[in-house]
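What follows is a single structure, written as structure tokens, with notes after it.
First chain written, first letter: the chains are A, B, C, D, E and F, and each begins at residue 1.
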Amino acid sequence: MKNMTWYEFDARKDKDLVILPVGSVEQHGPHLPLFTDTIISEKFSNLLANKVNGIVMPAINYGYKSQPASGGGPLFPGTIDLNGATLISLVKDIIEELIRDGVKKIAIVNSHFENQAFLLEAIDLVSRNMPEGTKIVMMSWWDLITQDTIDKVFDEVEFPGWALEHAAITETSLILKFAPETVHMDRLIDEKIEEVPSYQVYPIPKDLVPKSGLLSIGRTSSKEKGELIIQEALEGMVNIVRKEFIF
Amino acid sequence: MKNMTWYEFDARKDKDLVILPVGSVEQHGPHLPLFTDTIISEKFSNLLANKVNGIVMPAINYGYKSQPASGGGPLFPGTIDLNGATLISLVKDIIEELIRDGVKKIAIVNSHFENQAFLLEAIDLVSRNMPEGTKIVMMSWWDLITQDTIDKVFDEVEFPGWALEHAAITETSLILKFAPETVHMDRLIDEKIEEVPSYQVYPIPKDLVPKSGLLSIGRTSSKEKGELIIQEALEGMVNIVRKEFIF
Amino acid sequence: MKNMTWYEFDARKDKDLVILPVGSVEQHGPHLPLFTDTIISEKFSNLLANKVNGIVMPAINYGYKSQPASGGGPLFPGTIDLNGATLISLVKDIIEELIRDGVKKIAIVNSHFENQAFLLEAIDLVSRNMPEGTKIVMMSWWDLITQDTIDKVFDEVEFPGWALEHAAITETSLILKFAPETVHMDRLIDEKIEEVPSYQVYPIPKDLVPKSGLLSIGRTSSKEKGELIIQEALEGMVNIVRKEFIF
Amino acid sequence: MKNMTWYEFDARKDKDLVILPVGSVEQHGPHLPLFTDTIISEKFSNLLANKVNGIVMPAINYGYKSQPASGGGPLFPGTIDLNGATLISLVKDIIEELIRDGVKKIAIVNSHFENQAFLLEAIDLVSRNMPEGTKIVMMSWWDLITQDTIDKVFDEVEFPGWALEHAAITETSLILKFAPETVHMDRLIDEKIEEVPSYQVYPIPKDLVPKSGLLSIGRTSSKEKGELIIQEALEGMVNIVRKEFIF
Amino acid sequence: MKNMTWYEFDARKDKDLVILPVGSVEQHGPHLPLFTDTIISEKFSNLLANKVNGIVMPAINYGYKSQPASGGGPLFPGTIDLNGATLISLVKDIIEELIRDGVKKIAIVNSHFENQAFLLEAIDLVSRNMPEGTKIVMMSWWDLITQDTIDKVFDEVEFPGWALEHAAITETSLILKFAPETVHMDRLIDEKIEEVPSYQVYPIPKDLVPKSGLLSIGRTSSKEKGELIIQEALEGMVNIVRKEFIF
Amino acid sequence: MKNMTWYEFDARKDKDLVILPVGSVEQHGPHLPLFTDTIISEKFSNLLANKVNGIVMPAINYGYKSQPASGGGPLFPGTIDLNGATLISLVKDIIEELIRDGVKKIAIVNSHFENQAFLLEAIDLVSRNMPEGTKIVMMSWWDLITQDTIDKVFDEVEFPGWALEHAAITETSLILKFAPETVHMDRLIDEKIEEVPSYQVYPIPKDLVPKSGLLSIGRTSSKEKGELIIQEALEGMVNIVRKEFIF
């Protein structure tokens, strides 16, 4: 959509899927860029658009507040967090504008764990006054990975669960594939969160997560594993879109 | 706190832990009451208060919007959902009032899966202007259950994950212990969600979850299993409180 | 409603009156519990439900800011005040959910003087988009007491007006009937506000009301007077409901 | 303040009382202007300013929603109602600006019954971060009238209470004195609300109040009674200002 | 409208143009009153109403935040600024009430440069749910002045652009005509902003504008120039109203 | 910043200028991309960063509502408009996060005409609680172009003023330089707004602007003119940054 003229958008708006990538600006350890999440959702959105003839919107570059046990938390410099109400309004406004323009098929591609509840709140609020025939789908790539692939990706290191897979094997592998020039594998160290907290406490303690911001072991990341994840997640997204929007 | 006079509250406010139970009004299948979540958080709060000499506040009776794959979703009659912004303001106002009164130790006991992100947003907003020495802890009982106990509770039925454990074995067992007079075991049927969706779609399809609102098999629930869960979660809560507030 | 399953609620939702009790957590002198208001509206709601086959919702446990000359004001520890905007949103969300569920007959039973303007604002906002045939009624018990009963209840002490009747004869008598185990008549003292202010001033002066929080003389409270008030207010509520909802 | 230059305001801002009149645009029967309330608060503010060397700000011309039993309700054409949240923000912004300018003594002169709760909410929110030494007073003229004067004003007609004294003897008498050219005594009729409702119902029934918008009998209004009320209310305001701001 | 009864408003509401003047309370140098803007929009509204048989509403007396390069900025005592969200809500509420009353033709007459974006936002929000046949027009007097008149008014002094024409020749001339008793020509000095900033910086520097608050030279202001501007702007307003509302 | 790790950001955050580009998604005629504005502010931000060793944040990709006479208005498909309140919150949250991270020097580079008032509102709200020593600058490239350059750029076509210079010579020339692959010069036609409205009207008439969305003649655009504008605007930005942040 970035490079389309409004004539081009106008010609496709009521037929084609419009895809909104949502990311974040968040610490991703010593070796991955702050923009890791947005890179991932933009790349997935582009791949998906190629498969289903979709239109990719400019990304929502900023996301909801990083939590210690899924992103390192708000104390890391460079982690730029939106308030919940702001993210809700932002997504709501954008989707409502699409709908006013006559768009019927909308997919949100999310890559930031903490965004989920607030994206759904925005969609829910929009959906209460949505014209018949409009449909909105929200997908996060990790929800589309099978146990089989998890087993392959976590061949040496144990799978710590998706929340803790922050700046670790899956994200590092994805960025090695999507934007290798931004990865500093030489700076990656073997740190992880010592004890995953079973509750939340405020003010957030500074020593809850390692100084590096790494929550899980990132060693054994590779472009091939990135490729594997991308293939499966993309196939999942294509299937969802085909099923829901009957292409 | 309900039955305390203000003199009694005044005498304890800056020393003792103040506990805020948060629940919901949400469908819990054909056999459990709409107030299941709030019953659970109130009961846990009372048990915790007994152990650590805490003060239990009146519960927040209404919670955030039920989601299909963790509570059946908003379409069930009797499920009364708050908007995200409302729950945030409500929790924020109450905690700020406690802090203005001089309370230093606050614990939120949550029992509704969908509340989590919005409770944390409220606490985060409060914590930005919190006087030094004030601490807020949030606990959800399921985060305190070990794999060992899960194995015991799910002796016949497979553990479907916490999100899907709605109106199923753990909650039924808890209510069998906490409020047995409200349970109708004879109405319980063996239904569960057929295919757990790996994405969200709006408008929410009516056939995503079984008509009964049950997401997982509730058979094999028992008062004994309830007791087991209560013991472990309560012990977890007491440990957290002891650790964070140095009792 | 607390103990109903969603099946039970579903079967009655479009026929029966749904009653929402609204209270507060507020100082009520040295002898009454902080939860006085909510106890009163819950009890009245239950009595009303029995008479008109209504459904009682879980209460809104927290209310609007206590004012010095009607509740002692915000400075008393244990008085937990919501901002106006929060109470408006909370009530609005809950009523809108009821309406979405198909409920047509809604009654709000209020017992906290300061709630009134904000409850009406919430109802007004909802009513602008309400489906035809839906009706909402708001009642406060004191509005239903006749001069005749006032004369009987204030046989020795002069009636100070409803705003000042805080933690005094009527509320004490009501709690003596509704929740006698929470009343400490031995702690009641003969204090009252010396000079009722004819204006408001901020910051609120600390000596505007007696230290005890009592605004009027509570002596001569009795279970019998409570009974008298309950009978009359209940009859008034039943008449209103019969008239407005044509039972 | 309207006609002052900023130099003149600057010279007096930290010494003198700043007075903010708040009114409404609301039906006042067939004989009084829509601007009745604002005329009254502006005139009182000017009189008060003369006595205490105060500065009168431009009025807040619009007020909170008219209620049936105190202003006829929102259905009358020409009654222009603000939402509660809007009035709160408006008053809050204005007072905060005064305080930022260095003003220490602020009086709000209100003349619209329904404004009260929302004005107090605004003042309360401001007062939480107010610099030491700043004081805000809110006065409504009817709160300053003694029983003695009520007896004199209601010599033929019974006093219906302040809420119902809308467009009736007191307001008509005030406008006969304050802005006689806007009164049409020949159009005044002897109508009043038949049965004062003891509860609120929405949607607001159209026949709750007389078609004319009159709630109480206005006959026997006179410039002399207006004069009497003005003298007493003004004296009350001067006394309050003297007491609170130590002039 | 101020002096109309509701009967009179009711009789004209769906036929006649309703005019809402919007102004500000803002420093206007050493010689003009703080209420300059509101005086101007009220006077223009009255003149326009006379020409097209319109109804003038009570003004919105307070406006959006003064900016250094168009009004001197927020640091001047006596400049009372509303937050953007407040002005939006205020205008939105008022227009929505008019529309609910059945008004079809609405004109906003603005005289405060900084109000423009926020007035348009309010109108835009209202217009999304506006009944067919309703129309809202917004006019600022300076947009209606031709180059020819600018040349005449700026016969000696160079025209600095409308933003900088604050408390200078045009506004002084207008007030000399509209409210001569409030102008102190003897206090007018020949000061102007030295260097018009081509960007904005916060915190706003104190020396950005002259101490007097004057942005441009006001010398050569005259009642005759005021008359000239009034004639042309008024004619422009009448033409707009005639064209848009087909009188 | 996109490709920086948090370690790299941390090392520079309190010394270096942080630059936030703000753009829009808005129709730019038949020949320019919807992302024109954001492309321009991102490119300017990068150029500025190179000169002053600044850090460029991910852009705010969406902006405030397009107005007919400065962007064609909201009716064009592909123009995605945020509400004013949303843009204010978004910018406020992001700047506050920077400040919390310890950033002291912030520059906002804007390229969308309609954003201005709302960006300033956000900055103003932040600046009220900003730590001493923090400074925020907002720049729009057109404010930095001298009359001399305007004369050179508008050698054949008359300069229509900045508001109307939408998708016309300056923006086309800029994109020819910044992202030539997105320009379709062959589709450019010679259309412009016939009569620039001197007022606003809602609902916005469909024939106010040409069907193409072009407001001014774009002919004679060239890469060289783009280069000229870039040089001058960039020099202006560098001078502002040098002056305000004393590099």
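The working rule: a contact is a pair of C-beta atoms (placed from the backbone, for glycine too) under 8 Å apart; a residue touches a chain by one contact, two chains touch by 3 or more.
What you see is a predicted model; the values in this text were computed from it and never measured.
Chains that touch both chain C and chain F are absent from this assembly.
By residue number, more than half of the contact pairs of D-E reappear in one of the listed pairs C-D, A-B or B-C, namely B-C.
When every chain is reduced to the mean of its CA atoms, the largest separation from chain E belongs to B.
A straight line joining the Cα centres of chain A and chain D is 55 Å long. Computed centre separation for the pair chain A/chain C is 48 angstrom, with centres defined by C-alpha atoms. Mean C-alpha position of chain A lies 27 Å from that of chain F. Within chain B, residues 83, 85 each touch two or more of the remaining chains.
Going from chain B to chain C and on round the loop of contacts, you meet the chains as B, C, D, E, F, A.
The residues of chain C lying in touch with chain D in their complex are 65, 67, 74, 83-85, 88, 114, 116-118, 120-121, 123-127, 130, 135-140, 143-144, 198-204, 236, 240, 244. Of all residues in chain B, only 1-7, 9-10, 13, 25, 27-35, 38-39, 57-62, 76-83, 85-86, 89-90, 92-94, 97-98, 101-102, 179, 181-182, 184, 187, 213 touch chain C in the complex they form.
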